[in-house]
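Once you scroll down, you'll see the structures, which are given as structure tokens.
Shared between the two complexes below is chain A, which has chain B as its partner in the first and chain C in the second.
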Partner chain A sequence: MKRVLSNKWSIMVFVLPTVLFFTYIVIFPIFKTLWYSLLNEIPAKIGDASRFSGLEHYITMLTPGRRNRFPGAVGNSLLYAALSVFIQLPFSLLIALLLANGPKGERFYRNTFFVPVVISSVVVSLLWGRIYKGLLPQLFESLSWQIPKNGFLGNANTKIWFSFIPSLWQYVGYHMLLMYGALKTIPGDILEAATVDGASGAKMAFRIQIPMIKPMLKVCLSFSLIGSFKLFDTPWVLLERANMDLPALSMYVEMFSNHKYSYASAQAIFIVAECLVFTALLNWVFREESEKPGKKPRFGKGLARK
Partner chain B sequence: MKRKATLGRILTQGFLLVWLFLCLFPLYWMFTMSLKDTQEIFGPNSIGLPTRWLWSNYANAWGSGGRISNYMVNSMIDTVVTLAGTSLLGYMSAYGLLRMKWKGQKTVFTYLLMGMMIPMHAALYPLTEILLPLTKTHWALIIPYVAFNIPITILILSGFITNIPYEMEEAACIDGSGIYRTAFTIILPMMVPALVTAAIFVFLQVWNELLLASLFTTDSVRTLTVGIKQMSGQYQTDYGSMGAGLVIATLPTLVLYMCMSGQVQRSLVAGAVKG
Partner chain C sequence: MKKILALALALAMALSLTAAFADGGPVVLKVASIWSAETEANRAPMLKTLAEFEEAHPEIKLEVEWYEANAWKDQGETLALSDSLPDVFYWNAGGVLWNLVSSGDILPLDEYLTDEIKGQLIGGALANMTFDGKVYQLPYTNACSCLYCNTELFDKYGVKIPETWDELLEAVKAFREAGVVPMALGGGDKWPTNMYTDIIALRFVGDEACRACYYKTEGATFLTDDWKEAMTAFQTLIDLGAFPDDALSLTRDESEVPYFNGEIPMYVHGQWFSGSLSAEMQNKVKAVKFPAVGKGYDNQWMGGPAEGFSISAHTEHPAEAFVACQFLAQHQSDNGFECGAGLPAWKTEVQCGNPVMNQIAEQVAAGDSLLLWGNTALSGDDATLIGDTVYDVLAGTSTPEQWCEDMETIFGK
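Up next, the complex of A and B:
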């Protein structure tokens, strides 16, 4: 039995194809991108024109200047991250809490709120594009609100905000479902005990339910942060061609329109690094929380005292 | 006390109904748009039901102008082959990594899961070098789709495969079944629910993918997401046909979701909760 399960040859048959394939298509290109980002330029045909230039591209990319739009793009992605963390997630959490308390129509609401998630982001973006042109102007007019000059997506100051709305709207349902699922795993007797102790509504939510789903909140946070740095589909569809106001858009334009392959590679590496740094940061923040003494029994203690 | 509880219930329902409206209204608008002409959409009846139901918009989008039908078939081919690939490679490596015993299995497992941390952007240009010769074929998309979805497939399978008791293998071994027969005729059938969970997750990723699809397809193998995006340029002013295109592109996932909403939700939760 043991011999069968540790047969080297069959292990190789099972695992090796995947490992080789994965390495060639996923891992190997990443290191290649890293290498390209350190060259001055990747020549399309002539082999001898590229030379090692170290961190030159990274310095160019991050030096603020009037013609360098990358720092602004990073700023915009942080703005999206902030909107996601401070508006989208609390809103999803509120819905999840309300649903987890078992109102009438719980299942129906949950299933319906999730519908936008399964729709392709291209469709969602195109639909919102038409809403911005065909529906919202009429609505604004009938309420006699001011429409931004040149329309919602034509105004340099507001277009980035309006390009964020569709994906924020779309993924509320996803975060809601993740949090709702976690809330539903809280054992009933804990909630019951808390009710007996006089907790209800907001108190129950802040003292018991939210602290108990912290691991899931971390998942949601990392989703929305990583999603913000990678955000591509919606703004790419909604904004004009060759818009460079977000890191992924900037990388795409530099790479496939301006053919600055190595410079774009540096931007790609920057996006990956940003994702990794924020993931590490999140791990650190949440580890700190659980290591703080006296944090864990909080839900019991705070209520018992009263 | 009782009055307060009633008030709370009313507020809850009110809030949920408001979000329900905001959730569904854009979709409702999409459906009605697909049956109107542009004049009606910009006229006073922008949000009402269409006065005349223009099914011809669907014929426009589906047929000659948009060639959505071709794109749909292409998307289906890419998705089905990708799912076959991720299921086969994912199952085989999950079996080798998590059922069999060998030195270094943990390391290889971690190595494969690392792929989830890394966004596709990071591999974009080198992938172009590998895949550009293939852009006239479906492989230009299927290859990266399989590769990038292997980690998540293995992760979802790993939760299930470690729960199967080892007595299964022992009994099979005593009966004289070899390792491949055990893996594919005894353990694999027990893994079907897990494979379905993973497949739905991957299906939604692949069906909705835009970035690679826009780079690595020529017209004959173009997928639905790219096709629909192109169509929006073509039907700049024809809102009705555009709406019909959007509805057509949405229907497959929407039908899947309506038929098995519970399973779809489980898949997306399983795919989210890493490690």
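Up next, the complex of A and C:
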């Protein structure tokens, strides 16, 4: 067995079916969608009238106009990404650090924070819908506070913030668990050594723990960013289908309500490209120290590999 | 013993195989229906219709899949792309139907549709289902929207049921002063807002000009004083606080709850809403014509046969599918009317036990015309636009003038 697996040709043979299957169900559809996005409309819809139209859909999609909601949708998704990166992830990290230090009831808190991840997004949206349409207005009324005009989910200025909260809340536990798991793998002797050297609390977190879970932070950032650009389910349910501008919602409406299949394909490709660009950017920011020009591995990295 | 058992099993399998390929078995047709929820007014009549079909046509077996209305619309569009629509299925008329007709997914019914069958339909029933002289759907209901007034609340606050636009504004003001939300509206779903704007537009603009715009006739335009006046009238209702403060956060079904609870006095809704009223509410509610504006269009109605059953162009059993399609449409029309879920689209002897539905049926029969709602008559992104733009007006992010300009863009394509 060992001999077989050390032969690169046999590895290739074993991996080939998976590669072919993956290519057929993932890579091929992406390129097919790309091709569709370059047509005036797909042949299944208009038959022989289908023709190559180049970047026409992309230009239409990105040209600002009063009723072109796509640029605004991209802006909203970037805002959501920023909220994820600067609010959701730091919050997850804070909880993970607190839990990793072994407080009383560690397991209970860990499981409690993870519960929303297990619940279906639709249930989470309905739950928050009840909060926004029932509990919160009652609370505001009892405190004599002004409820936003048209309600929390109807007000043009506030609905974006309120619709983001459920998904931000839901995935805090997910990122927390990933970071918590990574923190728990830091060898105890390193932490002990740091304690002997006088590090504790914030110093321990910023100098030892966070640098050592950098690879996991990168994973969390990638998931968070890609999830932001693809965000669909929670706003869809919470805001009654498409009352909010987000790229994935816009794509769905163009595809299934407006029946502009090629135009929707262009939006789909835009979302894929956006995810790829940001993943590449993230890889560049988090590239290995040794890959940076003129830099040598630093202390933290050396320790991690010990 | 084992051998005998194995032999018996093999024999049973072989027999079942031959049965599957044998001639004379029932033709199996796939059917897609909406009304998946038990609370839908049309669900019970549809179940009755299916039971009647089973009894009348043992040679055809229907395999029904139930969907929620919006979910089916999306699903149907997707299935059409891969030529895998069910044999017989529920679908909207007008522009929504045209989407599938234009892509060749729906079977024209003219080959099977005899004059005798046509004669059983009410007059003009096929207008929204006919394209280029070919019929693509059979309606199971005739639709219209009207103003549902809770007489108990009108009596309690001493307000007169409005017959004119000024009386409507007075009623709105009176209820607001009494701390009562005057009109129910689930603006989150958009189309309920279109119900209001469509009927207001009909009163100010008239059937002919509205029809020209909704069917994109040459020379039609939204940039007229009448259209601006209509949308300004809608804006006046918003400004007077006619709708719930959180109307845009509410779905259609959420908006109906306070009406069912007797907390809101008025609601512009489709005729099917009367089927959802409890027996107690049916005695309190009066369905009336939307208030008159005095421009000569006061007896015109929004609606018409707007929903029905169609047949996939790719069905393997077109003749049987037509039998099923006609049966479902005709019997659902009767059964739906009988229990007050809808107005009949086929001539019928059936009596309706719902007093509110009877009021509507009587008034619509005496109406001058029926015009399909804008979001149903228009198709694709035009239909989306008319929903988005009224949402924006309701949200205060667009003005009546901007609404007219935005809608005018549908002619530039």
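General remarks:
Operating definition for what follows: the second predicted complex is superposed on the first by the 252 of 306 C-alpha atoms of A that agree within 3 Å, B and C clash if a C-alpha of one lies under 4 Å from a C-alpha of the other, contacts with A are read in each partner's own complex, and residues count from 1 in each chain.
Keep in mind that, in the parts below, a residue touches a chain if its C-beta (ideal position, glycine included) is under 8 Å from a C-beta of that chain, and two chains touch if they have at least 3 such contacts.
Nothing here was measured: the structure is a model prediction, and the numbers come from that model.
Looking at the superposed arrangement, the partner reaching more residues of chain A, out of chain B and chain C, is B.
In the superposed model, A:150 lies in contact with chain C only, and not with chain B. Of the two partner chains, chain C is the only one touched by A:258; chain B is not. Contacts of A:36 after superposition: chain B is touched, whereas chain C is not reached. By the document's definition of touching, of the two partners only chain B reaches A:219; chain C does not.
Of the two partner chains placed by the overlay, neither chain B nor chain C lies in contact with A:164.
Counting contacts by the rule stated earlier, residues 256, 261 of chain A appear in both its interface with chain B and its interface with chain C. Residues 42, 44-47, 66-67, 132-133, 137, 147, 149-156, 239-241, 243, 253-254, 256-261 of chain A touch chain C in their complex. Partner chain A is touched in their complex by these residues of chain C: 70, 73-74, 77-78, 81-82, 99, 103-104, 187-190, 245-251, 254, 379-381, 383-385, 388, 391, 394-397, 406, 409. Residue ranges on chain B touching chain A, taken from their complex, read 8-9, 12-13, 15-16, 19-20, 22-24, 26-27, 29-30, 33, 41-42, 46-47, 89-90, 92-93, 95-97, 99-102, 108, 111-112, 115, 117-119, 121-127, 130, 143-144, 146-148, 150-151, 169-170, 173, 178-180, 183, 204, 207-208, 210-211, 215, 224-225, 228-229, 232, 239, 242-243, 246, 249-250, 253-254, 256-257, 261, 264-265, 268-269, 272-274. Contact residues of chain A toward chain B in the complex are 1-2, 4-8, 10-11, 13-15, 17-19, 21-22, 24-30, 32-33, 36, 94-95, 98-99, 101, 103-105, 109-123, 126-131, 134-135, 138, 169, 172-174, 177-178, 181, 201, 216, 219, 223, 226, 229-230, 232-233, 236-237, 248, 251-252, 255-256, 261, 264-265, 268-269, 271-272, 275-276, 279.
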